[in-house]
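Have a look at these structures, which come just after this line.
You will see two complexes here that share subunit A, one where it goes with subunit B and one where it goes with subunit C.
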Partner chain A sequence: MTEVLLEIKDLGIQFKTGEGVVQPIRGVNFSLKKGETLGVVGESGSGKSVTSLAIMGLLPEKKSKIVSGSIHFNNQDVTHLKDRQFRKLRGNEISMIFQEPMTSLNPVFTIGEQLSEPLKQHKKMAKKDRKEAIINILKQVGIPRAEQIINEYPHQLSGGMRQRVMISLALLCDPKLLICDEPTTALDVTIQAQILELMKQIKSEKDMSLLFITHDLGVVAEMCDRVVVMYAGEIVESAEINELFDNPLHPYTKGLIDSLPTNNTRKSRLFSIKGQVPRPDEIGKGCAFANRCPYAFDKCIASAPPTFSTGEHLSKCWLQEPERQVKIQ
Partner chain B sequence: MTLLEVKNLKKYYEISQGLFKPKVVVKAVDNVSFSIKKGETFALVGESGCGKSTTGKTLLRLTGTTSGEILYKGKDLLALSAEKMRSLRAEMQMVFQDPYASLNPKMTIKQILMEPLRVHNKFQPEERLEKILKILEIVGLSKEHLDRHPNEFSGGQRQRIGIARAVILNPDFIVADEPVSALDVSVQSQVINLMLELQKEFGLTYLFISHDLSVVEHMTDRVAVMYLGKIVELVDTEELFANPKHPYTQALISAVPASHPKEVKERIVLKGDVPNPANPPSGCTFHTRCPFAMDICKSVVPALTEIESGHITSCHLYTNNKEEK
Partner chain C sequence: MLDFIVKRVVQVVIVVFLALTVVFFLIRLSGDPTTLFLPPDAPKEQIEEYRELLGFNRPLYVQYAEFMKGAVHGDFGESLRSGEDALGLVMARMPATFQLAISALALSLIIAIPLGVLSAYKRNTLFDKASVGITVIGQAIPNFWFGLILIFIFAAQLKLFPSSGGGSVKHMVLPVITLALYSVSRFVRFTRSAMLDVLSKDYIRTTKAAGTPTSTLIMKYALKNSLIPIITLIALDLGVLLGGAVITEAVFSWPGVGRLLQQSLMNRDFPIVLAGVFIIAIIYAVINFITDILYAYVNPQIRVK
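Presenting the complex of A and B:
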């Protein structure tokens, strides 16, 4: 259980834009153990999706570049893998579920045709076995009338059903790592509850690792063993799930938890983090959160904090400097 | 005091199936009645496709109605001429869900905020700019934003502009259709705070349409839960969350993710999806997914009944055998 499946070290990614080079990912470190669910939390623009695309090798080739660091998957360096080699991994050992199930399924192919694709790519199977495998997996994700569904098109299914199809597509080749990029954001709450329940069940059956990307702390609280919090292309805090909610060390994490409506008295002013996420080109040499942080002091503006650790609990904040160790309330 | 009263509101859409085939009727809003008191925040809650947004739009006559009555300060809105309705919209405004789509990308903020003042011919032209600056300051923007276009703003700022546009005419009533669901968590709380402040300052009445129950619990006074075009439960917010009666409401509340990993939630996971509104189930429309469904639910439509004072719900569990549940 303690074997590391995915390790990201000091990852930096640059994008070329019309106005020059920006670096949305600036030194991301984390690792994912076998059988673990790791949550990646952050607001839009924090770089969580870009990180997941880098793991999948799906970054746009011409526009982006991994400028530093490495990604190791299953003891293999996949940082600068050629596309052809990556294709052997994608859909086979690493697969991904996207946010919007309608745009990630092809509208002109039937469900059956789309589901047979990863099997054709990665497994040598007879046509009949393939069909059987597909029906099996559809039943596993709780799709009724699987035999008929394989001849239907995505538009004939509801949002929840489509997301189930996406999950079955990702599961077909028994991946070791499943990346879920906001898998329930586009769904209604009752359907979200169904899908989360399904993912928990599948995870316990298949013993795979989940990388769960979301902005919803409630979903994280339900699903994850460990959490990393991203802000402006960096990991600002990383901790075990209960530890993070009980004892957040970074003011940003603290702010996110405090601004949940359920943690505020009814009808009162909600706690809120002032300002907004800086654009990649706005980040100066200090801490990226300094301009919104209620605890910021001179040092925060002057230089960016390194990562301080208290046991397994990591945070990137000057308040956690050994001689300071301020506990934020 | 009642500000707005909706009686038996219906909005049906007809879908043509071909020249000689009968049309299919989708009952988007089906016999909905409620009233909103002055100064309160009334919430419409439900999943996508339940008719909550359609209800909001019909109140401002942004879409037509099939039948029913909408009384605003005693006046029947549906009987008004288009011109009278337009001048009445100075008192009734709307904030839309998607701040990216609801602002004209070719207009500057100044033009966007000037528009309602010009249409309703409020203030002298010289005074208008002053008024705009004042409202910008209230919503947390400043003078230098005046000549910028919407694309130069972030989602949260755009929603502030949308709110400023609705509030600038000093309306009494605002329909807010999912105003925070497109925003990030940290920005979401800023916008909720702004809406609460404005309500205090201007004595606004909100119709708050949302699917996010934690936000609804935080900021509303009364809630109507909708399912497939019908109201299934209507009660004070605190009572709804403490003591939900309708099985759908119970499931909806239990489906909200926990706010702490140690919080143990007893979850009611509903089977299946929302049925197709063009072909709703017979009897109680919820019976296909209801964990307590009885025989009677399949054939008889339950009526909305007041089971406790001020607590209205439509479910056979409370009308027939009271001892159960």
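Presenting the complex of A and C:
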């Protein structure tokens, strides 16, 4: 069995808000093997981004707190790591690509200046070597005339180009784990396809694990080996990619798959899951999805389901209780 | 670039022309200067004679045309009081005002920018709350009152610094502190809010995710972005200070432009007032010009091609 790079156990994160304490992450478990691409799927507000920020140690210090569980990265417990120590991992062994390429680069520094930062911090490279390394990586991510681009400012580049710069920034120190938080959401469809293609290519060239956060199951199908589905701060289902699409066990996953547009359903309206993700303070003692679930019954409202497993396929739904085992096709 | 400069010079000419025109007519509303030069019981004929001598008996538009003709050649006439060249008198006072303004501004920035940055970084801590509280008080205290209190404590009681006049570094201490109090408060609050705004931006998160230490993050990557609005405030402040900090200069009898203009207004010494307005308008225009160039330096998005 391949080695585990990232292991998250029973993670719980609380946030202080004006109206009191809420807990957007409630007992998240998953692991990522070396060289694997894991998709994290869910609607806005399901806790995907908060989880990834926790892995980067970038949760807002004063407002949030990890209240339970642990995060292990490369056999090191990083759950309550001091910022000073976390800094050595960030941009070095763990990197992240953010959703908004348009606003994620500093407008008053050149591309070259911004890209030299991780090399200065982690590799202690001399100026000349840094320049060479930067031009090299920009070429790898498919940026033309890299020698000029390093002296240009972000506003001189298009969205797709900026995202390529963001990717190169994340790759500079050859990270073991690359977290991609909706890297293509803000881009138009053709650019999106190019960026996904680029990421696949980089993945195949480098020995790297990918945590791919998205709300788009289409992107997941394209990129990932395995998927975890998040809903309201929990993981409701996790499975190998083909298994998940062929045989979804949780009604939420089923709803997400049914919401995908296909080529031959032009005539009717797209399917959508009714309602929206509950706010953390709206979740009762039952299953968080119960109020939107077409299969919900008494037990779903009375108590929250535990995780049931069928081999590697995990789901958090009363329908999968061993004595029930309902197929939801 | 040349295009830019030409445009700005034309703008300056228009601004100076308008400022002089407005002040020329406004100042006439303050009354006839001749009455101030003659005893209250002077006979009517004598007043008339004096008015004719100074040219105040001619129609206003003739006086205006005459004045503008002179102004174009840099001639603002002589002081009604001393008979010296008005522009020369104003220029003689400029160094003192410059000295005070630059010192006060430098002191404010040295204190306020680090304080503002620290306040933003330590947001909602005791330090931040104390600094916000103190700066509110600093902005609320009137200048003249604070100046008088300083004179009372450090000049009258402790006898550490002279209470009035100019000429030495010791003379500068109290007026500079008086002027800096307000500026420091304004700059601290402004730096703090500009910094808070920048710290919440996506690109700061990106830099943090690259493993940048907090000190570099703030002093390099965040500060340069915050400077854009701060430069505006510096320009405004400098304009006010160079125009003559009238009240502070009066309180400390500082031999600057502000005090000269204030006295000239009281004496209805029109040529000096107009020469002063001319100089101040030009100073404002130059400051604006430099500010625009600084903007382009700090913010590449508005750099002229």
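Throughout what follows, the second predicted complex is superposed on the first by the 324 of 329 C-alpha atoms of A that agree within 3 Å, B and C clash if a C-alpha of one lies under 4 Å from a C-alpha of the other, contacts with A are read in each partner's own complex, and residues count from 1 in each chain.
Just so it is clear, a contact is a pair of C-beta atoms (placed from the backbone, for glycine too) under 8 Å apart; a residue touches a chain by one contact, two chains touch by 3 or more.
These figures come from a predicted structure and were not determined experimentally.
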item: Simultaneous placement of subunit C and subunit B on subunit A, clash or fit; value: fit
item: Which of subunit B and subunit C A:Asn136 touches, first, second, both or neither; value: neither
item: First (subunit B), second (subunit C), both or neither touched by A:Gln325; value: neither
item: Which of subunit B and subunit C A:Glu222 touches, first, second, both or neither; value: first
item: Touching partner for A:Ala193 - first (subunit B), second (subunit C), both, neither; value: first
item: Which superposed partner A:Gln201 touches (first subunit B, second subunit C, both, neither); value: neither
item: First (subunit B), second (subunit C), both or neither touched by A:Val108; value: second
item: Greater subunit A contact set [subunit C / subunit B]; value: B
item: Touching partner for A:Asn151 - first (subunit B), second (subunit C), both, neither; value: neither
item: Vertex subunit A angle, Cα centres of subunit C and subunit B, expressed to the nearest 10 degrees; value: 70
item: First, second, both or neither for A:Ser303, with subunit B first and subunit C second; value: neither
item: First, second, both or neither for A:Thr17, with subunit B first and subunit C second; value: neither
item: Where subunit B and subunit C come nearest after superposition, their Cα distance in Å; value: 8
item: Residues of subunit B that touch subunit A when the two form their complex; value: 47-48, 154-157, 184-190, 192-193, 196-197, 211, 213-215, 217-219, 237-238, 251-252, 254-263, 267, 269-270, 273-274
item: Of subunit A, residues touching subunit C in the complex; value: 56, 58, 62, 83, 87-92, 95-96, 98, 100, 103-109, 114, 117-118, 121-122, 153, 155, 166, 169
item: In the complex, subunit C residues that touch subunit A; value: 124, 201-214, 216, 221, 224-225, 228, 298-301
item: Of subunit A, residues touching subunit B in the complex; value: 43-44, 158-161, 188-194, 196-197, 215-219, 221-222, 241-242, 245, 255-256, 259-264, 266-267, 269-274, 276-277
